[in-house]
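There are two complexes below, and they share subunit A, which is joined by subunit B in the first and by subunit C in the second.
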Partner chain A sequence: MKSKKRDQWIAFWMVPAFFNVFGLVFVPLSWMMPPRSPNAPEPQMISFMQSHNLLIACALLTLVYGFAPVGNSIYLIQIKRMSVSPVFRYTLMVGSITGAIVGMLFPMFCFGLGAFRSGYRPSILLMLYDFGYLAFIGSLGCFCIMWMAFALAIILDQNNVLPKWLGYYTLWQYVTELMAAPVWISKSGPFAWNGLMTFWFAMALYVPWQIIVYVCIYRSIKNQPDDELESAWLHQTSPATDVRPKATA
Partner chain B sequence: MVLFVVAYLLFPIFWPPLSPTLSPEEVAAFFRDNTTGILGVVILCNLIAGSLVPLFAVTAVQISRVTTSSSVFTYAYILCVGIGMTAFILADYCWGVAAFRPDRDPQLISLLNDMAWFFFIAPVGTVIVQCLCFALSVYLDEHSEPIFPRWVAHFNIVVAALLVPSAFTVLFKTGPLAWDGAVSFTLRLIVFAVYVVVTFLVLLRTVNRQGADRVALV
Partner chain C sequence: MTAVATTARRSIPGAPSMWFFVIGDLIIFGCYFVAYMYYRGQDHTLFLHSQARLNLDIGAINTIVLITSSLFVALGTAAARAGTVTDAVRLFGIGLGFGAAFPLLKLFEYVPEIVGGVTPGTNLFFMFYFVMTGMHLCHVLLGLVVISFVIRNLRTAPTPNISLAETGATYWHMVDLLWLVLFALLYLMR
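Now for the complex of A and B:
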């Protein structure tokens, strides 16, 4: 028998696929990550900004960045199952729209632009360099509010869709986003954008958290009883089956 | 859509599109010579971008009526629309800022122009996912009388496939994949225009049928 949750599973498995390409783009392909130093010697920054691989990374990212919304929709459908108000999922929705532009597409284009045309003056390239890294690492608000909404929804939920400890853990994720704030101020040391605290410590907290969240969501989708699915009305045997439910989002 | 046509007829400034091989000085000269036209296009494009939103919103509502186990594709669709619109408007702003003070440093004008083209042509990722979400939810409809006919899904897949090459625009300055090329520019715009028209007609039919679906609309 075919799974009734095919839509959820397809969407779910798109996410690890996306993260793999995402990692590939930022680390081995463009060497954007781990971040370069904010006060690297000028010729070094310039030759980095003009490397052709940045453009390839840019092209790949523009192709696959659409899967980030799919990843965020996975959170959204879980929040929808919770007993909480729609406020939380609408918040996460808007946060993820802005986040995808300011935290991903725009910085990537800043890096790509320098490499696209070779004639730019060093001062312009340096501005793009700063703009790219600061937007990428220093974009806080939209992600803070996303994780805050997610954490609060988990904690306040009475249907136990996701475990409560995950909610408190997610609150910590909010703190790591706050730790990225000093990148706007310091150019070297642990709080610069390539610093021990703002980048490495935040990454060390973020990566396991992201994996744990997906494991929890995997279990949540798997354990969702068939009669709670949104398509359940179709499989009921009562005479009212022919009435389509109202569209809800 | 009417606005779209008006924009093309009134301001054929961007036709043929600027070549990516122009030097910063040539780009700056272009913006100096065509300031009024460009600003007109910018203002219109802003309105156009906004006026496509309701169409996609109706699509999202209809996708959410499809019988699947969750709203995952509806949400992904809405997010994609939001991101795609923002990218389009950012492209628009870059052109507008470039034309606002055309005597700016040519390198900056050229940078703004490049950035505008990047945002205008390259970010097809969300449009592709938008089409895929639409297609998948049509394929997965469990109801015996599906909301959308099957061919809508096939159509969306084809549109998504045709848009894929545009993502590689940033790698080329000449040839069909450059931002003024046959594939990235002409094909993409035609595909998008056809997509908007077809989606509009499909929705018209679907919404009319929904009205006949009695209790459903309570």
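Now for the complex of A and C:
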């Protein structure tokens, strides 16, 4: 019998695929990450900003970036099962959209723009470089509120869709966004955008969280009863009555 | 009531997920402490000179305020367990009052500093100072909200949720503990 959760599984497996491309493009292809120093010597900064690989990387990411909304839908489907206000779901939805525009599209345009045409003045390249990294690492508000909404939804939920400790772990996710605030002030040391406390420590919290959250969501999808699925009406055998759910929030 | 108290005694006090949060939070702050010590060792004189510009008096008063608040919250939890709800509400109320004094005093500390030109951008010491005390202040504010929920539950619920009171108290003691370390590291250590 075919799985009634195929839609959710497609969305789910989109995520690892997407993150793998992410990792490949960010690290070995363009060396955008780990972040370069805000004080990098000018020739080094120029050769990075005008490298051909950077243009390819940015174009590639701008293309595959479309998979992010599909992947994010798995959060939204699970939050809908929770006994919490729909405000949380909408906040997460809009937060991830706005966050991704600033934190993802802006940097891609900045870095891609620098590499697009040769002959830009160094001062312009430097501005794009700053803009790119600040947008990538210092784009705080949207992600902050998005994780806060997710954390609160998990903690307040009485249906135990996701474990409570995951809610608390997600609160730290929100804290890592705050931890990155000093990148707007520091240009070197542990609080610069490539610093120990703002980038590496936040990464040390974020990477395990991202993996754990997907394991938890995997189990949550697996444990979801078939008749509780939003798409359950599709699999109804008797088409006598209109069992389609009316549009709800 | 005694039945409730004994059941609560058998397991760890409060919600287990809160203990996960508390231990994790201590680890996160612990990383900050270690980083602070490392960078302090790199530039000892700068840290020492900057430290002298902090307001030690308000720091000390805030320490006493938080410890007193923690004491009343602990007494309130004991009262809630013993079933004397009116006492518990009163004790948690006093704890909340002392706790609420902390952010106010912090304001008297931050504002003159910032007006006087001491900001996170001044040097690495003040960056650590503002980031760590700022993060701690967020914890205090959250704690005040949690304690308010505990009080509301004690006042309105027909059978008070002892576990909630314990959870709130656990969190509040953690906030207190973190401040003691912060106070020692930032204000006192020579």
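Just so it is clear, the second predicted complex is superposed on the first by the 238 of 249 C-alpha atoms of A that agree within 3 Å, B and C clash if a C-alpha of one lies under 4 Å from a C-alpha of the other, contacts with A are read in each partner's own complex, and residues count from 1 in each chain.
Assume a residue touches a chain if its C-beta (ideal position, glycine included) is under 8 Å from a C-beta of that chain, and two chains touch if they have at least 3 such contacts.
Because the structure is a prediction, the values reported are computed rather than measured.
Visitor: Touching A:G119 in the superposition: subunit B (first), subunit C (second), both, neither?
Guide: first
Visitor: Quick check on the superposed pair: does A:L178 touch subunit B, subunit C, both, or neither? Answer first, second, both or neither.
Guide: Only subunit C is touched by A:L178; subunit B is not.
Visitor: Please indicate which partner A:L196 is in contact with in the superposed arrangement: first for subunit B, second for subunit C, both, or neither.
Guide: Second partner only, subunit C.
Visitor: Identify the partner contact of A:W165: answer first if only subunit B is touched, second if only subunit C is, both if each is, neither if none is.
Guide: second
Visitor: In the superposed arrangement, does A:F109 touch subunit B (first), subunit C (second), both or neither?
Guide: It touches subunit B, and subunit C stays clear.
Visitor: As a test of reading the superposition: which chain, subunit B or subunit C, is in touch with more residues of subunit A?
Guide: B
Visitor: Quick one: in the complex, what on subunit C touches subunit A?
Guide: Touching subunit A from subunit C are residues 15-18, 20-21, 24-25, 28, 31-32, 35, 39, 119-121, 124, 127, 131, 135, 138.
Visitor: Please give the residue numbers of subunit B that touch subunit A in the complex, ascending.
Guide: Counting only subunit B, the residues touching subunit A are 23-24, 60-62, 64-65, 67-76, 78-80, 82-83, 86-87, 90, 107-108, 110-111, 114-115, 118-119, 122-130, 133, 136-137, 140, 142-143, 164, 167-171, 213, 215-218.
Visitor: If you look only at subunit A, which of its residues touch subunit B in the complex?
Guide: 4-8, 10-11, 55-56, 58-67, 69-70, 72-74, 76-77, 80, 93-94, 96-98, 100-101, 105-106, 109, 112-113, 116-117, 119-121, 124, 229-231, 234, 243-244, 246-249
Visitor: Under the touch definition given earlier, write down the residues of subunit A that touch subunit C in their complex.
Guide: Touch list, subunit A to subunit C: 163-165, 167-169, 171-172, 175, 178-179, 182, 185-186, 189-191, 196-197, 201, 205.
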